[in-house]
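Each of the next two complexes has subunit A plus one more chain, namely subunit B in the first and subunit C in the second.
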Partner chain A sequence: MVVQGIRKVTAGQNGVGAFILQCKRLDFHYCDWAGSSKGMNSFIRNHLQKFASANPSIEISISPRPNRHPVIRGHYINGREKAICVRNLEPNQVLKKAELLRDASGEKLKSVKKPVKSINESVRGVWSPYHGGGMHV
Partner chain B sequence: MHRTRRVARSIDSVGAICGAQAPRPFLCHVCRVQATSFSTSTVQSYPETGKVPLSERVRRRIWGTDQPPGQEDPYGGPGILDQVKAQNKAKKLAEQKPPATSAISATVPEDYEPATTWEGLERVGGYGNWWKENWDPRHPFMGFLPPRIMTDPEEVTAALHRALVEVFALKQAGEPLDGISKATPGADLTHDVQVIASDAGASLVFSENATLEDIVLSLAPQVEEVIEENHATESEQDIEADRSTEDLLHPEKVEETVEPPAHEPQPTESEEDVAADRSEEDPLEHQAPTIAYAELVASWDPSWLQVSLDDPEIKFAVIKRSLQLTGVRISDTSIRSITTAKSLLSHLVTPPKPRKLIEALEQKEEFLNLPNVKVHAKRITAIDKEKTVGRWKLIEEELENRGLPLTGYTRR
Partner chain C sequence: MKRLRIERWSGQLLTPRTRTRTIQPCCLRQQQQKLASYTARSYSSSSAAKHPSPDDELVFEDEGEHPELSASDYPSIPSYPSPLPSAALESAKLAALHARLGIPKKLPLQTMARTLVDPSADPHKHFNNASLAQLGGSIMSYHVSEWLLCTYPRLPMTVLFAAQYAYSGPKTLQLVAREWGVETAAAPGEEVDPGLLQFSKLEPGTKYGANREGGTVRPDSRSYYRRGISSRVVYDDEFGDAIPKLKDQNEPLPAELAYSNFVKAVIGAIYLHSGAEPAKTFVKRHILSRHLAMPGLFQFKLPVRELSRLCNREGFEYPVARILSETGRLSRHPVFVVGIYSGKDKLGEGSGPSLQEAKTRACVASLKAWYLYSPGKDVPVPSDMESGKGAGERGWEPVHIDMGEVIH
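Our next item is the complex of A and B:
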């Protein structure tokens, strides 16, 4: 059963609504032989248990990926995936990447130019040419 | 034309010049000077040309005669190095020359004919029968380590206890500790022996079944007996002969060879009994696999683990014997840190470092029991992904219907 967001009957807004972590699954791929997986293997061995128990809502799967660089792959509720190659990273750096994937929304990265983002409709409403006073030329 | 003198310019002299220069190749003045200066040995040319060199003329003037004493040409001829080399070469040639060449040629029979094929000729060189004599099934290779490496912790503990008892028994008997591993490990006599740590290392408390003499005798090498066993044949006469030699040698070998008390060779008449005796004589088959090592270890006084191994001689002997009994190798660095029997045991029992990450994770049960964690031992393939969502059965069916392979490509 795939985790899904609660369907909105009414728009839960202004903090009235449950927070749902967008990341639903993290795959940790490592290699037993290659040196670039050294930090990743150490992370899985020593740090992943704590990380997994701190994030019980994320499914964690660990599998080898022989003769390839180590990768963390995040799966999100919106159906997208995000993969980060963690070759030659230290265990702490790998932990940072795992936290980054955990906190990501799964959306494509886009530049945020405006300081405020809202899904609310404007108080003034949508402008229409047929309404309003009109202009006498 | 100004290079030739006016006198020699007449047409008559041309032929004379050409005739004089024709026999020799032309050499410029520089080349001629260089050639003479670079030559290592001067050429005695004055007897031919009649010219006497300046050094010789001075020499003759000094002595006042045309035949001065000394070397014929003291400033020329081969150098001293060349002379020494020539002498050495002559010596070598004289040595190499076989003195009895004429004798050999004299002994060759008259009807001698050189062979044209290799058949019938004596074979010289090679390994001969060395491999057959040393590596055939009757002479199997017996390594120092046992063929099976002990993994059971209780069994390893018992082996270490045995090594300790045997080393301290040798020490108590005044025997050299070098001989600890000379004998092939036979039956374990040390089950009932208690080791108690003391100031002087350890003291042993023997039982009725195993005395100090028994243990020390069991450590003596049994080289001769093994040879006899290997050469034993099946015929009655040979068996009887073997028995008689054993009986004859027995009183002499009391101090050298050790036989388990339960297996005194009793002379029997039938072949079967003889065969049975032989099979029992194999020391490796004495070890009964049904020993309850846990109970055995529990029956010992726990203070035996505190026995000090500070004495390097004892430590070396104990480690050597335990290596021979268990087959577990210990690194040199950890040998340095071993001070007691307990620390040695911890190195013997410690499981080897996991080579794969999955092996390391399997030891962490707490991690594996987390509900949101799944560990795969193998790579997750595309088929695995399809299986998790339940689509693989359908795909498989469709592939089979169309005659396509489930994995890979079709062969064409």
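Our next item is the complex of A and C:
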């Protein structure tokens, strides 16, 4: 037995085969009394059902949070969560925030500097000084 | 080889709704309920791991004669080791998981809930995922192995085992299930949300299968016997590991195995409810689409000798190492680039700080170039012929499978 196999694991590439939406749960917290929840309450009454049926892969829970500002909290597959306070927002603006949380990956926000990020090897290869003729000085 | 008629087995694996005609799960639950009405707390989540016999905690009808009875001694509402199938329809977590995976609508939520119940949580075979996982595991390993064999027809057997492990081993399947957003329940029980993975967790510090006896299913299970590669193909599992003879399905198990059984059970459930083609598509999209750097799986012991034996077997000229370029031979950082030539053909090249090192690397590069030959990523595989599409109008063309590694 000369050549041995080394045990490794494959790396996931979300979207190459199947795409898994990274937001797995959205919590909507509202207050019945406070005025800052007015838009949120209207959103829950009029828009949320449509939003939920358009995004079946997100678990949606609604719970009161008395005497506090309304909050949308997104839970992600990588274990992180993101919360957005939607006080004094109109229902449409609340919908925008919910969509923002839905489309987020759950990662911390960071500036993307390189246009392409890949785990595959470069097709061109790394430049080597020992190949390709060389320059005669 | 005789073909297995899996569709004949599938009666016991169908959903509660569809199987009512044959085995009547309602009656099963009623029997369990009758049993549970005589017992107190025998199936609560705290005692689920132990599974006490009903006689242990009998509550007698003449309870009035016991003055010091506390509230917990009264018969409680009968509970089951896993959530009822009806609870699956009300779980938002489960419905979200079903939608997230893009599973066909034909697969009902009750079956989806069943795939999440491990035998260590519910020992009843009609309510756990053992049978689904057995079916799904063999379907998955079939698709992975046929794809590997057709895509890399020259892989050595050991590397083929490693590649199979990389694609469908328990470690990978655990990653897959976690990337699907599946979480585990703290302890199994009836009250658990059906969208959580339920199994008895192994206590920290304990080793899985440590006190298991009985050895393996191999006939030559003595420790001093040599386990050759050919015998692994025959006796062992798809990763070349020996299969343990006795396995208690109800013992606590590590999360890795519970997650992998869940993924297998999902594939098995898709196969039963939607058919072979959707199951294959599911395996392709979720398992085979993952990235694996195949050259990293090789570990050579004697690459120079192996290359010369390979050239001999294939009828190539004897391989010769030649320096292509070098720099700083007398300095602290010399670099040599060596190419391996067989006649006029260059088999491979490598660079290193010494001539020997560069030659060895060049041999490794040549061997990998040989073994990793691939006709392309979308090679027709045998299971293509089972679907209506087939391999196009031309029909089936036999795939090239090489004889594999050199044995010397």
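Rule of thumb we're sticking to: the second predicted complex is superposed on the first by the 104 of 137 C-alpha atoms of A that agree within 3 Å, B and C clash if a C-alpha of one lies under 4 Å from a C-alpha of the other, contacts with A are read in each partner's own complex, and residues count from 1 in each chain.
The rule is simple: contacts are C-beta pairs under 8 Å (C-beta built on N, C-alpha and C of every residue); 3 or more make two chains touch, one makes a residue touch a chain.
Predicted, not measured: the structure shown is a model, and the values here were computed from it.
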{"item": "First, second, both or neither for A:P56, with subunit B first and subunit C second", "value": "both"}
{"item": "First (subunit B), second (subunit C), both or neither touched by A:I77", "value": "second"}
{"item": "Partner chain(s) touched by A:N41 [first = subunit B, second = subunit C, both, neither]", "value": "first"}
{"item": "Contacts of A:Y30 with subunit B and subunit C, given as first, second, both or neither", "value": "first"}
{"item": "First (subunit B), second (subunit C), both or neither touched by A:I119", "value": "second"}
{"item": "Touched partner set for A:A18, first subunit B, second subunit C, both or neither", "value": "second"}
{"item": "Touching partner for A:R65 - first (subunit B), second (subunit C), both, neither", "value": "first"}
{"item": "Subunit A residues touched - subunit C or subunit B, whichever exceeds", "value": "C"}
{"item": "Partner chain in contact with A:R7 - subunit B first, subunit C second, else both or neither", "value": "second"}
{"item": "Which of subunit B and subunit C A:A104 touches, first, second, both or neither", "value": "neither"}
{"item": "Subunit A residues contacted in one complex by subunit B, in the other by subunit C", "value": "56-61"}
{"item": "Partner subunit A, residues of subunit C touching it in the complex", "value": "92-93, 95-97, 99-102, 156, 158-163, 165-167, 169, 171-172, 175-176, 178-181, 195, 229, 284-286, 288-293, 296-302, 305-306, 324-327, 335, 337, 351, 367, 371, 405-406, 408"}
{"item": "In the complex, subunit B residues that touch subunit A", "value": "355-358, 360-361, 364, 366-367, 370-380"}
{"item": "Residues of subunit A defined as touching subunit C within the complex", "value": "1-14, 16-18, 20-21, 24-25, 56-61, 77, 119-120, 128-131"}
{"item": "Of all residues in subunit A, those that touch subunit B in their complex", "value": "27, 30, 32, 41, 44-45, 48-49, 52-53, 55-66"}
